[in-house]
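Next up: the structures, one after another.
Below are two complexes that have chain A in common, paired first with chain B and then with chain C.
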Partner chain A sequence: MSATVATNRDMPSFYGKAGSLRSERRWALIWAYISLIFSAIILLTPPVYMLITSLKTSGEIADQKGNPWIVRNPTLENYWELITNSLFQGFFINSVIVTLVVVALTMVISIMAAFALARMRFWGSQVLATGVFLTYLVPDTLLFIPLYQIVGGLGLLNSIWGLVLVYPTLTVPFCTWIMIGYFASIPKELDEAALIDGATWPQMLLKIFVPVALPGIIAATIFAFTVSWAAFVYPTAFITTPDQMPLTIGVVSQLVRGDVFIWGQITAGALLAALPPVIVYAFLMDYYIAGLTAGATKG
Partner chain B sequence: MAADATTAPIMPSAPGSGRASSLQRVARRRSTIAVLMTTPLLVVIIGLVAYPAAYGIYLSTLNRRMTGFMEGEWLPTGLGNFEILLESETFWAVAWQSCIFAITAVILKALIGFWLAHMLHHIPSKGQRKWRGMLLVPWVIPPALSTLGWWWMFDPAYSSINWLFQVFGIPAVPWLGEKWWARLSIIIVNVWYGAPFFMIMYLAALKSVPEQLYEAAAIDGATSWQRLRYVTLPMMANIISITVLFSLIVTFANYDIVRVLTNGGPRDLTHVFASYAFQVGILSGNIPRGASISLFMFPILAICAFFVLRGVTRRNKEQM
Partner chain C sequence: MAQVSLRKIVKAFEGGVQAVKGIDLDIDDHEFVVLVGPSGCGKSTTLRMIAGLEEITSGDIAIGGTVVNDIPPRDRDIAMVFQNYALYPHMSVYDNMAFGLMLRKFPKAEIDRRVKEAARILDITLLLDRKPKALSGGQRQRVAMGRAIVRDPKVFLFDEPLSNLDAKLRVQMRTEIKKVHQTVNTTTVYVSHDQVEAMTLADRVVVMNHGIIEQVGPPQELYHNPATKFVAGFIGSPAMNFIPAKLEQASGALRLHLPQGIMLDVPAARTARYQAHAGKDVLFGIRPEHLTDDKPTDKSNTAPITLRPEVIEPMGMETLVHFKLDGSEVSARLDPATPAAVGAPLSLIAHMDQMHLIDSTSDKVL
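For the complex of A and B:
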């Protein structure tokens, strides 16, 4: 597609006329907007359609005749039923507990380790830093069966604390890796000055590194939050009763029962469950994107 | 370290000795503190990644009841699970489907992501933030949840996509009911979810290409195709390969989209390694067999990981 555009655009510039160069630019711009609008429509259609469905009554969803893309009698009934449903409230509370504990643990573990790896060179620190990156590349689907046995051996199957135990495998390696990158970019003069002033290593970390690397810490926290909120493999494998389920697996498994699909509630539930990461993203987009791209560019 | 500490007091009290011993103390404290600070990380890496990985290899050699090693007919004792898998038609179908799915999806994501990044890079930078924010939304929604929305759009009875098709006179498509359509549906959802990530990575890379290079190319009379081929692509080569290999790992090991969209159906034809391992290992309770299925992912993941690591190290060296 871009090849045809390129030839269209380059014919005029080949002759080197200033006026045609400007029109070339204009066409490139128009083409860019057309493709962006087109892809935005495709990329946003599924969530928008979920929103449309969630505002319909079950009767309207079951009615096959009309246009499925419009809502005739918008209602918040689906949302209201979910919010007042104690099962759904339980999913939400479980997700919040697991995510908060995991994010806190992750940040403490990875900030301390990243500081030691970035600044206090010791035997094996290089190997360990590489090892951290490699563990980040190990997917959860490779480990869930042995972890199922291990968590079962500890008696934590079907408990949110089993999830708290295993989620750090998803978050700690990446957060440590990007924190190493952020800490390494802090000038060495800063810690030399602190050492001369008699600061201890923990003081240096808390009083200098944490404040200076705050953007990196926010990015890593957002990453840990979104990953633990969206985790799916471990809860599906470990959790079997609804009272211990976090939101993702709760919405997928409990609102879909047998052959009866209450699509209004399913889509409403999915949207409500997706809301926290979307809100975080909406307000902290730049940190979110910084964390996303840091994996390959920092460290 | 201990030896240094004992020799320090014997030294004559020259002006420098006070500083030397305090430096030693700092050094000693520094290494102990460093070890203390990395211990939690080591616990996570060894206890929750390395040990389970080794344990997974051990599990895969056991028999179903986990009372002893799995006997093999032509492979040595302990490799019986692998033997059964290699002889099973379903397993080969799963292996093929995993490869088809991962390779097609990653290529499409890379192309679409590159195209989107390029288009975004073209428009005035004032509007870029807004567009970027909008286009990244699929990546932000947890995939298990957005797949529910896709499932509903693919629903055989009320498919809203088919409704749109019908408006344009295109015949209805059996999205999740027929083998190749179901496979395509999974790829569509994965591409929809992953392409924005590629876009963000490529956009960051595009922005890091120095403007002077393009100016120089323009002075030399390069066409825009030549600019792309001889300036942009070489400058981005490393980040492209890192992103593609990273995405290959994640896509190859994907579980949630298959689980929610088709759950392996129709007739186990859309299973990938992860979902098949889940079905055999957890749902059917044959843990050793499930462990051996997921181990088949290991070689390709190891190769990708090796090259990702090489790319990242090279990139860091360039930046220094």
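For the complex of A and C:
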């Protein structure tokens, strides 16, 4: 024992290294803060500029004099006009309906698919799991033309139910992938214990896997929510009548008249549209990160 | 309560690897059987086949007289305790134990009675409201056992349940498991790689190696009369010493000729048993506890042997001394008072009535 102590005392370089580790850590932190501040500025400038613009009157926006970053006569007029506008209310309701139905559909499909792919060993399950992920890599800008044919064939053009049908092509593959990762991180003995305890496969899924994988499910739900709330290409392609439009295209199509841009209302509308995802993220961020990384760290 | 019988059980995995190569085993009602062997010997696979978690490639498994080959785990009326506990992390201890009964639609009052009774047996009554993450390893393993007990199954299956615990707790829980078995008396199949666990817990020990059963028997029988070199070496700690020797005829008696010119007389009682092998090369097997200090009162059936210690390990109640005899490692358990010194000749005696001779070609104990 004493020999060990003596050896440590004879190693000043060891302590010197500890000091340099401290300063290395300090520099790492400084650089981390610099890059974080830099990226925060880049990412936050557009929304801040939108917020500023949304608080100005049309006259002030058009005024070329003065600093555009300063609001001289702040007003909530743009917000009030949108909120009281029945068309905008319709966009909002459409977005809510489409998003809720799509999220529910997505979660039911992807939880069951992921459970089957991760746990019920069957012939070709590995290939199928990879296939699911590959479909996620096909961009919507490529898919909307064939999908237009399908949606049109079903008579669902100009209907939010057409969107409910096609959005899961964006959400299901990725959510399934997240859930496969999460389910795979649950020890195999847990389902074996449940099997021996007398659970059927559906019982095992509902009573064991869903509660245990809740962080993963929340992460997947947030993803599905964000994607369907913010989808732009599909509604642009499939919806032309204002009463069926969701927020994303409603704001743009109805507040731009010819070459007249009603900037105050456009920015106010965009900010209002962005609010629900921000609220969702703010409350569920921890789950989101836990859910994504659980799948990621499992080898 | 039930017997378990295995008939010509084979398990081949994809790629043709045979984990279990046609084993036969009968486990009696109320019996506590431990499957023991090194990793990869097929013991866990055998247990998982009994549980129904692993399909049988060929053969029959019967529980309580019914062949269960095609019966899913939930209908086999078994309960299993896993190495990593496998508690449901989102449920309280109570719910973990009640889960199996709830799925089987037991009345609430009956579930409550059984859970509380099991909690009392396992001394976890105060933990019933906790979640598994708030429990220590030993407590978790108790809950896992509780989950098995409440089901009152025909057979308990234990898959290395103590391997995740630290050494001290392992000894405690071992006693606990034995106590539980004495209380509930359910037929138990227990898998372990630890021969001490096997010896202390089992009514009968099944020693497995390379997918076959080497020997089945009560712990003492395995210790005193191992059937093969593998069992002789696996049971007992430190392991039995194996020294190459030649069995020689010496005027009506038999004598072992060891390396370095050491000669040991075979006791007269064993002469008839070994006579047919006179003149052959054999392995002389003797346990470290049967190589002792040169001071027994009764010197019958002993033979003197002098060796030079290479390593000395004082353990408190005894001292392990290791020697080298040509290529063979030899160890002895000695009285701590023995004045042993590294390199200095040490007079020992071999208790020849406890010796074993092993056929060097077949590895069978003669």
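What we mean here is this: the second predicted complex is superposed on the first by the 249 of 299 C-alpha atoms of A that agree within 3 Å, B and C clash if a C-alpha of one lies under 4 Å from a C-alpha of the other, contacts with A are read in each partner's own complex, and residues count from 1 in each chain.
Simple rule for what comes next: a residue touches a chain if its C-beta (ideal position, glycine included) is under 8 Å from a C-beta of that chain, and two chains touch if they have at least 3 such contacts.
In this text, all values refer to a predicted model and were calculated from it rather than measured experimentally.
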Chain B versus chain C as contact partner of A:262, first or second or both or neither: neither
First, second, both or neither for A:195, with chain B first and chain C second: both
First, second, both or neither for A:71, with chain B first and chain C second: neither
Partner chain in contact with A:96 - chain B first, chain C second, else both or neither: neither
Which partner, chain B or chain C, touches more chain A residues: B
Touched partner set for A:157, first chain B, second chain C, both or neither: neither
Which superposed partner A:208 touches (first chain B, second chain C, both, neither): second
Which superposed partner A:232 touches (first chain B, second chain C, both, neither): first
Footprint overlap on chain A, where chain B in one structure and chain C in the other make contact: 195, 200
Contact footprint of chain C on chain A as seen in their complex: 187, 189-190, 192-200, 203, 207-208, 211-212, 214
Complex interface listing, chain A residues touching chain B: 1-3, 6-7, 9-10, 13-14, 28-29, 31-33, 35-36, 39-40, 42-44, 46-47, 49-50, 53, 61, 64, 67-69, 108-110, 112-113, 115-117, 120, 122, 125, 128, 130-135, 137-150, 165-166, 168-169, 172-173, 176, 195, 200-202, 226, 229-230, 232-233, 236-237, 248-249, 251-252, 263, 266-267, 270-271, 273-274, 277-278, 281-282, 285, 288-289, 292-293, 295-297, 299
For the chain B and chain A complex, residues of the former touching the latter: 26, 29-31, 33-35, 37-38, 40-42, 44-45, 48-53, 55-56, 59, 112, 115-116, 118-120, 122-123, 129, 131-138, 140-146, 148-150, 152-153, 155, 157-158, 160, 163-164, 192, 195-197, 200-201, 204, 223-225, 228, 239, 242-243, 246, 249-250, 252-256, 259-260, 273-274, 277-278, 281-282, 287, 290-291, 294-295, 297-298, 301, 304-305, 308-309, 311-312, 315-316, 319
Chain C to chain A touching residues, read off their complex: 51-53, 72-74, 78-80, 82-84, 86-90, 99-100, 103-104, 147, 151
